[in-house]
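These are the structures, in structure tokens.
One chain, subunit A, links the two complexes that follow: it is found with subunit B in the first and with subunit C in the second.
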Partner chain A sequence: MAREASTIKTRNRLNRGDGGWAYAFIAVALVVYAMFTAYPVISAFIISFQNYQPLGSTYVGFENYENVFKSALFWKAMGNTVIYTLLTVPVALLLSFGVAILIMPLRKWMQTSFKAIYYLPAVASGVALSVVWLWIFDPMQGGILNQLLGAFGIPSQNWLGSSSTSMFSLVLMSWLSSHGTSIIIYVAALLGIDNSYYEAADIDGASFLQKMWHIVIPCLKPTTLFLLVTGVIGSFQVFQNAYLMTGGGPDHSTTMVGLLIFDTAFKYFEFGDAAAQSLVLALVIAIMAFVQFKFLGKDVEY
Partner chain B sequence: MTKRSRLTASVLALTVAAGVLGACGSNNGNEPAGNAAGNTGGEGAAAAKDTITALLPPVSANFQANFKQMETEFNKQYPNLTLKIEPASWEDMTQKLDTQVNAGSPPDIAFMGSEGIAKYVPMGMVMDIKDVVTPEMIADFDEGPLKYMYNGEGLFGFPAYMEVHAIGGNKPFLEEAGIDWKKIQQSGWTFDEFREAIKKGVVKEGDTTKRYGFVFATAGVTSKDYLGILVKNAGMPAAFDKDLKYAYTSKNYLTLLTNIRQMIDDGSMPKELSSIDAGKRWNMFLTGQTMITGKGMAVFENSSRLNNEKLDANDGSAVKDSIKTDYVVLPVPSFAGQPAVANAIVDGYVTFRGKKEPTAEHKANVAKAAYFLASGQVAATTNSELFSAPITKSSREAMKSIESKQSDYNKAAVEHLLSTAAPARPDIPAELAAKAIKLETEVIVPKLQSLLAGETTPEKMYEDVKKAAIDTFGADGVVQD
Partner chain C sequence: MGLYNNHLGNSLLKSARNAVIIILLLLFALATLFPIYFMIISSFGDPIEAGAVSYSIWPEKFSLESYKFFFNYSEYSYRWLANSLLVATVTMVSNVVFATMAGYAFAKISFRGSKVLFAILLGAMMIPYQVTQVPLYILIVNVFDISNTYRALIAPSLVTVYNIFLAKQFMSSIPKEILESAKVEGCSQFQILTRIVMPLSKTVMAVMAILTFMESWNTFFWPFLVTNTMDMQTIQVGLKNFRFANTTYFAPMMAGATVSALPMFILFFSLQKYFLEGVTVGAVKG
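== the complex of A and B ==
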């Protein structure tokens, strides 16, 4: 009995000791999280109720939120962001999935080469990519895309300068770049599907499409849900493309919420309004993610 | 894990955590060196040591290359003072400064346009140096440019140069079109005369336009420049009239918008104008795709000359497909029968303060540093590289030893334009100026982009701007003629 008690005492002491070390180790991550994530969020929450000034802010209650909800520009930006998300995220998933399926049967070294090629834009500077796209969207007759259209007898387009084509131009840019991460995730998920499923399907005489529908797509559902949720979140936060390519114009046809928040904060120094806009955006994103998990994640097993 | 390695690891972990906490501490590292020194400097002797920080972009070609020399020269002049210059690119400058300002720790001096002062006044972050500048410093500056650095009664730095943003033509093309550019340089032109001239400058091959009469950069934020430069010549030299009523609701504004659209509809300007950025329109000038370009600055003569030299030397770095050009400074035409008013740009060294109240001694030291940068040899070198006229007696003197490559006729044209420059408006309250900037960014620029793209009419844009202006300033706060 005494021996048993001694063993427990020793174990507790050991556990307590390891717990202490664990706290010391996670302190780094915890401090970094607290300083660079939790603190800015809490700070933004506080600022959203203030008229922020570096030399002393004043409490204004819900005035900033009222400004946000009454602003026609905020709702227009929100509408633009939703349109951009609807046009880009599903296509991005389809393209990534398609490319991953095409890569799968290849030899290992070719798979790796293709994955590297598709991932390359993710490591390239967004600014450099935008410069290339500006070149592609050159509105004059000598512009690359206009020359291409000219070959089919289609007149030149003012891609970024016209409200009718500016959003499409940003969407096209998104369609044709930055699928590397999703492709790698899909390929990894495809590799995780047990071969016995395919063997059983072969025995039953299933076609390629039947295997796709009954094996691949269900097995990839968790991956697709993950990419959908992160894609929607990323798309709602889109800023760089609009900022560098159109500046939100013409006539706010490409002003996204992210760009509006930036303008509110750094052009007008209305940090209170900007913080309120950010938190409303965060809430919208959280609701979107919740709805996606609620309705699409029902039968997903992780 | 052994006891020793656990100890080592935990020490390292805690060191990193403490480092992060220390680096993010709010009141030590973020306070500018200058302000920190300034806050303690007041108690010591007159020659107490102090550091002045400056955030400076590449103002002219060799400006940033001379930073070390500037710091040394300043220290030689004021042995107790250290000038610490932080370089920034033009692209990063505003964002970097705004971040520092909003964190309450800006540099002591930042280079920026004088119109930006109004943005920082309501925040209380720009530093009024009126009480610490010496009469000698003030006397060195030309009165006109210096006034641009005032807001209300406060003086918030010193001007580096005053230059005119106008338009510029390619001499051979102007002469080919029969345009008497020498006369126009001195006498100006009306919109109708200008409209006819740019029509003559158009060269077509079948349905394809090989050369436009006039191309102005209007993509994105440059559309603000386009309207801003033209509107001064339409009877609205500032966004507010003398009674502080918002001016862009005047009927002259509608006339201007109509004229802007007419130039595109005539085919004298490209229909894709709304997507042409600053780089593209300069490329179009150098490659002979336009007769007149905008906005035009005096220094473009130098860019044109350098490209010509490269073409002569068969240098591969010459602009692709470029031809030899001869840049001629031209005034912007006048609209709606109003007098021509040149768009003067005064950029300078604006003085800032941190969260803590700076001492009088530190303020005086910052003023010394701003004056050092804005006058004498430093200003002379900058002005010479930018082809801009000196605005201090000391830099005029220093410029005598610097050889100018600017042509006499362009020099005379710039001087003439400066004589018609819009006067500074320090009387416009910062709150009104901030509202006007917001109106410009949220309504005018987006609507102008639509107008240029042919998606709205001048009348519709005018009504939209007028409605937004009345919403912002009230019916009594806008011009109604």
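== the complex of A and C ==
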């Protein structure tokens, strides 16, 4: 007891006067945060109740929100976003989980090389990759994807130009883009599983699949939850690929909420509507993250 | 031992298993690397209109004409690279400096309000960027009236919450006894930070530097919003403009894409360790 009290005292004495240093260390960070994050968030709330004009906005109550919910395009964009998320996030999780499992028995240098290879596309800019994919999806007979499918007797498709294939094209692009981050996180988690579990399972004569089912999958649940939640959040904000590849078309078949907000704000300059849309999106994302933690995270410890 | 059974009886079976695994992994690698491969080999083709070319997935020609075509498109094309380099470098340095300072304060100094402030900062990571983009645009373009300047490109990302979080996580594991003894020896907090904490945090500072540089180099959206003349654009925005202006020039477009991606590839291959480490530093105990 006495010793504890004395250490606390020493610590207090040691820390005395450091508050000033601490505030000095965080000062720039706080100013940047206040100016470029906190203020814009508050401002977004205010703008969402206004008919924004650079000189003198007028208060319009909930009109912007009513516009959002009445707009058929907003619901279509939401639907597109949900479809895109359902088609990309689970596939990304499965692929990266599978690859991580396959990497495990290899030698260290091979593990590192494969991790580097799978991560590589993530360092290329989204604009550069979109330029490349645009040509892969070239609708002419000689387009790369059409050539490839032609070899299997499948007729040429107008990938990005037809509303029946445009969404699938974006999904395909996402499937074949970098899963490096998730793979690396899964490998780290797999390496973190204590060997004694496997040893106990070996003694009991468990097969590979039993070990997977009873050890690996439960142990990786927190990792999977983390990747799922971040994946869904990221997917709901998707903007760049849709903007650069299809511009949301044809016929709004690839207009996702992120792109719709961009168009509302910077194509039609309806800042009030855009702010309302973005806050609705933030709410949807928050609810989804909460639900995922609530229902899937029950027995997950952090 | 481990997930895989190593007692398969004979080593032949084990090598066969590993061979199958490697083939599967290579096939997946082929699929993910194909766009990059295709971009690079196609960039060496001739700068002629697409109607006249048939794409090949094998390297057939080696000519730098398409690169010339890309750089000749605009008198500012070299400047795009310089702009990107400048913006990314300043953003990187300021993030490393300020996030290290703030991370240390939040991790190791007890001061009034530290928990609340950190929680408020973290809260920002939950907010989708769409919420802030319109007010931020108004702030920079209408209120500060600095659109089309380097300040506009750099200011909003001077220091990111993610980097502060990264630094704090890493520095929390520095034993406090070291810091306390330095204190007893009469070091000020500033000396502790520069002489003890920073040398011990080289890894996380390197990770922050690289990831921030890459993020800034690759970012498209913000520079696209706040620049309106070609001389102020970054390479990503320039590439997009080039693409829309020359929709049929296949090889030059690939050359442009390669130009925008190549610096990151070089960085990646020379500092691979930090890239791969960066992924896990941020995710563990997220």
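What to note about this one:
One rule holds in what follows: the second predicted complex is superposed on the first by the 283 of 302 C-alpha atoms of A that agree within 3 Å, B and C clash if a C-alpha of one lies under 4 Å from a C-alpha of the other, contacts with A are read in each partner's own complex, and residues count from 1 in each chain.
In the analysis below, a residue touches a chain if its C-beta (ideal position, glycine included) is under 8 Å from a C-beta of that chain, and two chains touch if they have at least 3 such contacts.
All of these numbers come straight from a predicted model, not from anything done at the bench.
Overlay on subunit A: subunit B and subunit C clash in the combined arrangement.
In the superposed pair of complexes, A:Trp21 makes contact with subunit B and with subunit C alike.
Set against each other, subunit B and subunit C touch different numbers of residues in subunit A, with C touching more. Of the two partner chains, neither subunit B nor subunit C is touched by A:Val238. By the document's definition of touching, both partners, subunit B and subunit C, reach A:Val32.
Looking at the shared chain after the overlay, A:Ala92 reaches neither subunit B nor subunit C. When the two complexes are overlaid on their common chain A, residue A:Gly249 makes contact with subunit B while staying clear of subunit C.
Of the two partner chains placed around the shared chain by superposition, subunit B is the only one that A:Ser162 touches, whereas subunit C remains out of contact. Once the two complexes are overlaid on the shared chain, A:Val41 sits against subunit C while remaining clear of subunit B.
Using the contact criterion defined above for the overlaid structures, shared-chain residue A:Leu220 touches neither subunit B nor subunit C, since it reaches no partner. In the superposition on chain A, A:Phe271 makes contact with both subunit B and subunit C. Note on the chain A alignment: of 81-89, 117-125 or 189-197, the part of subunit C that runs into subunit B is 189-197. Subunit A uses residues 21, 25, 28, 30, 32, 35, 52, 54, 134, 138, 266, 271 to touch subunit B in one structure and subunit C in the other. Subunit A meets subunit B in the complex at residues 21, 24-25, 27-28, 30-32, 35, 52-55, 73, 134, 137-141, 156, 158-164, 246-252, 263, 266-269, 271.
Of all residues in subunit B, those touching subunit A in their complex are 1, 6, 9-10, 13-14, 16-17, 20-21, 24, 94-95, 98, 101-104, 119, 123-125, 208, 219-221, 270-277, 280, 355, 434, 437-438, 441-442, 445-447, 449-450, 452-453, 455-456.
Residues of subunit C that touch subunit A in their complex: 1-5, 17-18, 21-22, 24-25, 28-29, 31-36, 38-39, 42, 50, 54-55, 57, 98-99, 101-102, 104-106, 109-112, 114, 117, 120-121, 124, 126-139, 142, 155-156, 158-159, 161, 164, 180, 183-184, 188-190, 193, 214, 217-218, 220-221, 225, 236, 239-240, 243, 250, 253-254, 256-258, 260-261, 264-265, 267-268, 272, 275-276, 279-280, 283-286. Of all residues in subunit A, those touching subunit C in their complex are 10-11, 14-15, 18-19, 21-23, 25-26, 28-30, 32-33, 35-41, 43-44, 47, 52, 54, 95, 99, 101-106, 110, 112, 114-121, 123-129, 131-136, 138, 142-144, 147, 176-181, 184-185, 188, 190, 193, 195, 198-199, 202, 208, 211-212, 215-216, 226, 230, 233, 236-237, 239-240, 244, 257-258, 261-262, 265-266, 271, 274-275, 277-279, 281-282, 285-286, 289, 302.
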